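In this document, chain identifiers A, B, C and D correspond to the written order of the chains, with residue numbering beginning at 1 in each.
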Amino acid sequence: MNPTAPEPDPIGVAVVGAGYWGPNLVRNFQSSPAFRLRWLCDLDAARARRVLGGYSTVQVSAELDEVLADSQVDAVAIATPAGTHLPVALAALRAGKHVLVEKPLAATYAEGLELVAEADRRGLTLMCDHTYCYTPAVLRIREFLRSGDLGELHFLDSVRINLGLVQRDIDVVWDLAPHDLSILDFVLPPGVRPVAVAAQGADGIGAGRACVAYLTLRLNTGAIAHVHVNWLSPVKVRTTIVGGSKRTLVWDDLNPSQRLAVYDRGVDVATQDELGDEQRRDVLISYRSGDMVAPALAEREALRTMVDEYARAITTKTPALTDGRSGLRVLAILQAATRSLAEGGTMIDIDEGHTA
Amino acid sequence: MNPTAPEPDPIGVAVVGAGYWGPNLVRNFQSSPAFRLRWLCDLDAARARRVLGGYSTVQVSAELDEVLADSQVDAVAIATPAGTHLPVALAALRAGKHVLVEKPLAATYAEGLELVAEADRRGLTLMCDHTYCYTPAVLRIREFLRSGDLGELHFLDSVRINLGLVQRDIDVVWDLAPHDLSILDFVLPPGVRPVAVAAQGADGIGAGRACVAYLTLRLNTGAIAHVHVNWLSPVKVRTTIVGGSKRTLVWDDLNPSQRLAVYDRGVDVATQDELGDEQRRDVLISYRSGDMVAPALAEREALRTMVDEYARAITTKTPALTDGRSGLRVLAILQAATRSLAEGGTMIDIDEGHTA
Amino acid sequence: MNPTAPEPDPIGVAVVGAGYWGPNLVRNFQSSPAFRLRWLCDLDAARARRVLGGYSTVQVSAELDEVLADSQVDAVAIATPAGTHLPVALAALRAGKHVLVEKPLAATYAEGLELVAEADRRGLTLMCDHTYCYTPAVLRIREFLRSGDLGELHFLDSVRINLGLVQRDIDVVWDLAPHDLSILDFVLPPGVRPVAVAAQGADGIGAGRACVAYLTLRLNTGAIAHVHVNWLSPVKVRTTIVGGSKRTLVWDDLNPSQRLAVYDRGVDVATQDELGDEQRRDVLISYRSGDMVAPALAEREALRTMVDEYARAITTKTPALTDGRSGLRVLAILQAATRSLAEGGTMIDIDEGHTA
Amino acid sequence: MNPTAPEPDPIGVAVVGAGYWGPNLVRNFQSSPAFRLRWLCDLDAARARRVLGGYSTVQVSAELDEVLADSQVDAVAIATPAGTHLPVALAALRAGKHVLVEKPLAATYAEGLELVAEADRRGLTLMCDHTYCYTPAVLRIREFLRSGDLGELHFLDSVRINLGLVQRDIDVVWDLAPHDLSILDFVLPPGVRPVAVAAQGADGIGAGRACVAYLTLRLNTGAIAHVHVNWLSPVKVRTTIVGGSKRTLVWDDLNPSQRLAVYDRGVDVATQDELGDEQRRDVLISYRSGDMVAPALAEREALRTMVDEYARAITTKTPALTDGRSGLRVLAILQAATRSLAEGGTMIDIDEGHTA
């Protein structure tokens, strides 16, 4: 860093939505020198005031227009229900503000597309808060996959289950799978992408929507990805296995002392060319049983890294690592999964799934 | 037990197959007073001799006929590759011997049916060695589900992954899923049964058959069951979650100090009738956050309990807990799963899946 | 709560010390309606300002006198190095303020005694922030021991090891063992108390003070307590086993999904009277192998409960659960342990250990 | 191996004692081609017969003399209570047989010395079955410590607790600590050795002997070792931490998928010479936060490796890795620990502890 360069003015920011996630955004924007938090906006101003507490100088408003009219607000961060993302984010973009949106980007692919187009048109930053992508573990998994250290991806298996809040408006797929799907989108190397998805679900408790669901994704390489999301599990599991041709990695997000484990173990299949006739029949398969390495990871709050990335994208006018388009790709999968769920588990082409 | 009743003569038994599983049968038949082990039979007599070791009085033969001709042999236990189960078991039944067969019962549903019919016709015991059903944990899960202590079954999720031997002749579904499917068959209360299955798989390593697979089963009650089997995972997981309306149970077979955990935690949804109009909109869902109980389980080798059950079935001329019919039900699911795999994951009706 | 009773005025409070622990006190006093945080005081005012952040209305001062002169300050909370507890707390008491002190209460038993006497003389609340005592787990352990549900205490084994900050002024015993000793003091039933302590330590790395230490305590009942504290362990362990005559309890503070486990397992020894002559020789010992219960615990931040207890003690003019005297009892053990350490592990009488 | 060398005749061996441990010796001698098991000898011949089962060609005897008179018996393995080791082993040595003795080598140091002297005099192999030393994990720990990969040893902490059988004749120190002490003896590099021990214990249940005990050992290098043995813990823990100046190693014997973990984490203290005056005050200590490596370990039964080592020692006429002298060193510590226990925890010099 150049010590003589003048510190740039902080970016004025407003958080919209003081519900479950808003307080975390408030806290992280406050701790980042790149931002100056101007407003916390919520239809329920008393709730916003409670979130700020009795010692804060941040302003409260129940009126989005008031906040957007403030010229000191350069950027907004939206943590309202998904159904309201389109109008709130559109209003912000039209007022010339950069926009960060809680996952999922919007309630439908079409709405997400509208946001991306509007941000492009105006040259504004549109970013999706895929928080997990900014954990030290996921950033490291991305490196492992992109550097080739894992070899080619064979399978990715993600389990995210817990006794969760049964949502009123969305099923477990739309509530939890955006985490897994945004991580998948984030870590895949260039050129590798999911092309189809099948989803199975159940609503054991009669909640009126799937509370347990399984998603199977086909990748263009032939690899498979699978996601298990579940609101009804009394035990909490958040484990992802990423199986590669060279190494296999296990991410256990609930094991703070060993979040990542990289195994030099696996099955190797000799290619035909390497083998003589006799061997071809017999010694096709061998096993590696090497060490496991748990790499040291920095302990840094993902949301703080995400907030810094938002500042970087705004300042440099370059797309955020999880920009609107990544949010859109996740919406395409979610929408195809919903269609598959309705059709009893048929494999749905992702590119076509959202056009229905 | 009546101390004055004369001890019945032990049942003469021969083990056929001295490969991976045979030695376990040899050891358990030897330790059961209900049996007298007469022969270990294997095409490779030297292998059979090695299994018995240098201190054994048990006879070795490479000839099945020789063994079946021995009138002191009342029963056989077959631990040969699945493809040979039909001829070996048929020969044994035709020689008037009771038959225990390694899982899966046979290589196809049709072959399994032939064995069941032959045993019925001759009034002989036909039993399938679904070993896991005889673990103290699974026996207890069965009680929990049948007694109503878990309430109605909502979901069952079973994960069985490991760095496993890639089989030459069968895929991971036929290799590992028989365990999960036989357990499912064993623990479901009367009247509850799977009716359809969808399967997705992948062969990342180019082994020529699925090395990773996911099975989703629909039950006649609307409940869902899911099985993840995987030969490529460097970490071993054997965990089953059984979610009920009253309680949810987690079986972790790799945690000897706490194999079963029963959680009095869950989500309750009030039925419409219990609620007034206002409430109906708002308070449908409540959460229970009660204690967890890990019941004390006896430590007993499952295979020994299985062997005792074989003796009981033979002696009392009643079906074994895992009789030929249970083996047949598992084959019906496996065959439907194979068809689903070939069709890219379509949900296949189990009753029709095996007729293809 | 009586809804018509007027809400009492909040207690004006100042936090002294903006180092490691102060920020946690700041946060919890701010979130408690029973308090109004007036000041954060630190010799380094810039550090205090950084802790409060750029959005706070709380005042900063580098002058303790300024803070103590504020009549709106009813109470202080001291989070400065142990060596400064005496002068800071004395000044506060003499200014008529209630005092909460970070553990340990003071740098020596004599200093702690001075504080207790001063608070008594002035009728002010003196409380020691033994935070762990206010965790849901420890509150529950206390209930278990006091209600008799565990039976008589046989042993208590506490391990608190981690890669910890090697302190400049104190050894690992004074840094970490206050946690274990204050918990021990807190959970023991009335009439049961430690009477002697032996300590062994090592300074492998040449830090000039013990970095690894073991404390063994004799209780007046014959029971034993043992504490392992260690700054050099790359793995973090915080596990306490409380062995009773009826049940045994394991507290694993690093397992959020199962912090407490109560085992109905153990060894029973028949008393001589219950046995005939023959039996006396042979069947003295039997084993129970019952269930384990992991009780549901509320998830509440211990420091918030501690802050509420401070308010309760001030308002009701009754001793806090962890009052100055409990801090004094912990100091007596620490001082005896230090003497034992110096003498190579001799067992030191606690009542006399601090008089040296 | 030289394929043309004639296979040496197997060593004729007899196992004496068919109680808890004898059956394991029987099984492992039978599976080793280096041995030919001739006899299982027990005062209770029926028990010996039950151990061998109904299919064995091994001879049973209730008479030690009969076994020792058999010229085909070259070696014996003694798994009788410790109090009988002296007469049984002496008789065997005097009959010219090599001797393997269950841990502890003998009931007292003096008795152990007598055995060592007798074996020396006759040029026979005397080996102590310190089984844990032959686990792949301990063999690897030994390598780590001797190669210098861990750096200098700072501390070793060993926990071995479980709901154990309260022994009739010995306390928990003599029952369990031989494991930890023999491992310590085995892994320490040449020149490093324990010089003194202090022991504290408790008999909560009134069993008449210590059921919980803590041993602290001083090493000649200033390092510390600590052992916690406990019969009353409902949870089983078998964890050893070996802290070195370069790396620290954790051995969790109950975690088969990750028994050893080697941490490149620790605290470094700069030596005075490396530092300038200013620094000397401030930057003495730094922290390393590197990766953890869990080395791949072979899965091999320790007892089988021990049996092979017995054969090697006999055949090559060289001391076994755990020869009589290692058993003697363990006895010296045990005896000093017993004296410390009786004296309330005084630190006892190991060289003098056994002379009392």
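Everything below uses one rule, namely that a residue touches a chain if its C-beta (ideal position, glycine included) is under 8 Å from a C-beta of that chain, and two chains touch if they have at least 3 such contacts.
Because the structure is predicted, anything quoted here is derived from the model rather than measured.
Student: If you apply the touch rule, which chains end up adjacent to both chain C and chain D?
Tutor: Of all the chains present, those in contact with both chain C and chain D are A, B.
Student: Centre to centre, using CA atoms, which chain is the farthest one from chain A?
Tutor: Between chain A and every other chain, the largest centroid distance is to D.
Student: Round to the nearest whole Å and give the separation of the Cα centres of chain A and chain B.
Tutor: Roughly 39 Å, centre to centre.
Student: Based only on mean CA positions, could you tell me how far chain A sits from chain D in angstrom?
Tutor: 52
Student: Please set out, as single numbers or ranges, the residues of chain B touching at least two other chains.
Tutor: Only 235, 261, 265, 289, 292 qualify.
Student: Which of the residues in chain D end up touching chain B in this complex?
Tutor: Spelled out, the residues of chain D in touch with chain B are 30-31, 36-37, 53-58, 235-236, 254, 257.
Student: Under the touch definition given earlier, write down the residues of chain A that touch chain B in their complex.
Tutor: Of all residues in chain A, those touching chain B are 152-155, 157, 161, 163, 166, 198, 200-202, 204-207, 211-212, 214, 216, 222-224, 226, 228, 230-235, 241, 243, 245, 248, 250, 261, 263, 265-269, 271, 284-285, 287, 289, 292, 344-347.
Student: Taking the complex as given, what residues does chain C use to touch chain B?
Tutor: Spelled out, the residues of chain C in touch with chain B are 258, 261, 264-265, 289-296.
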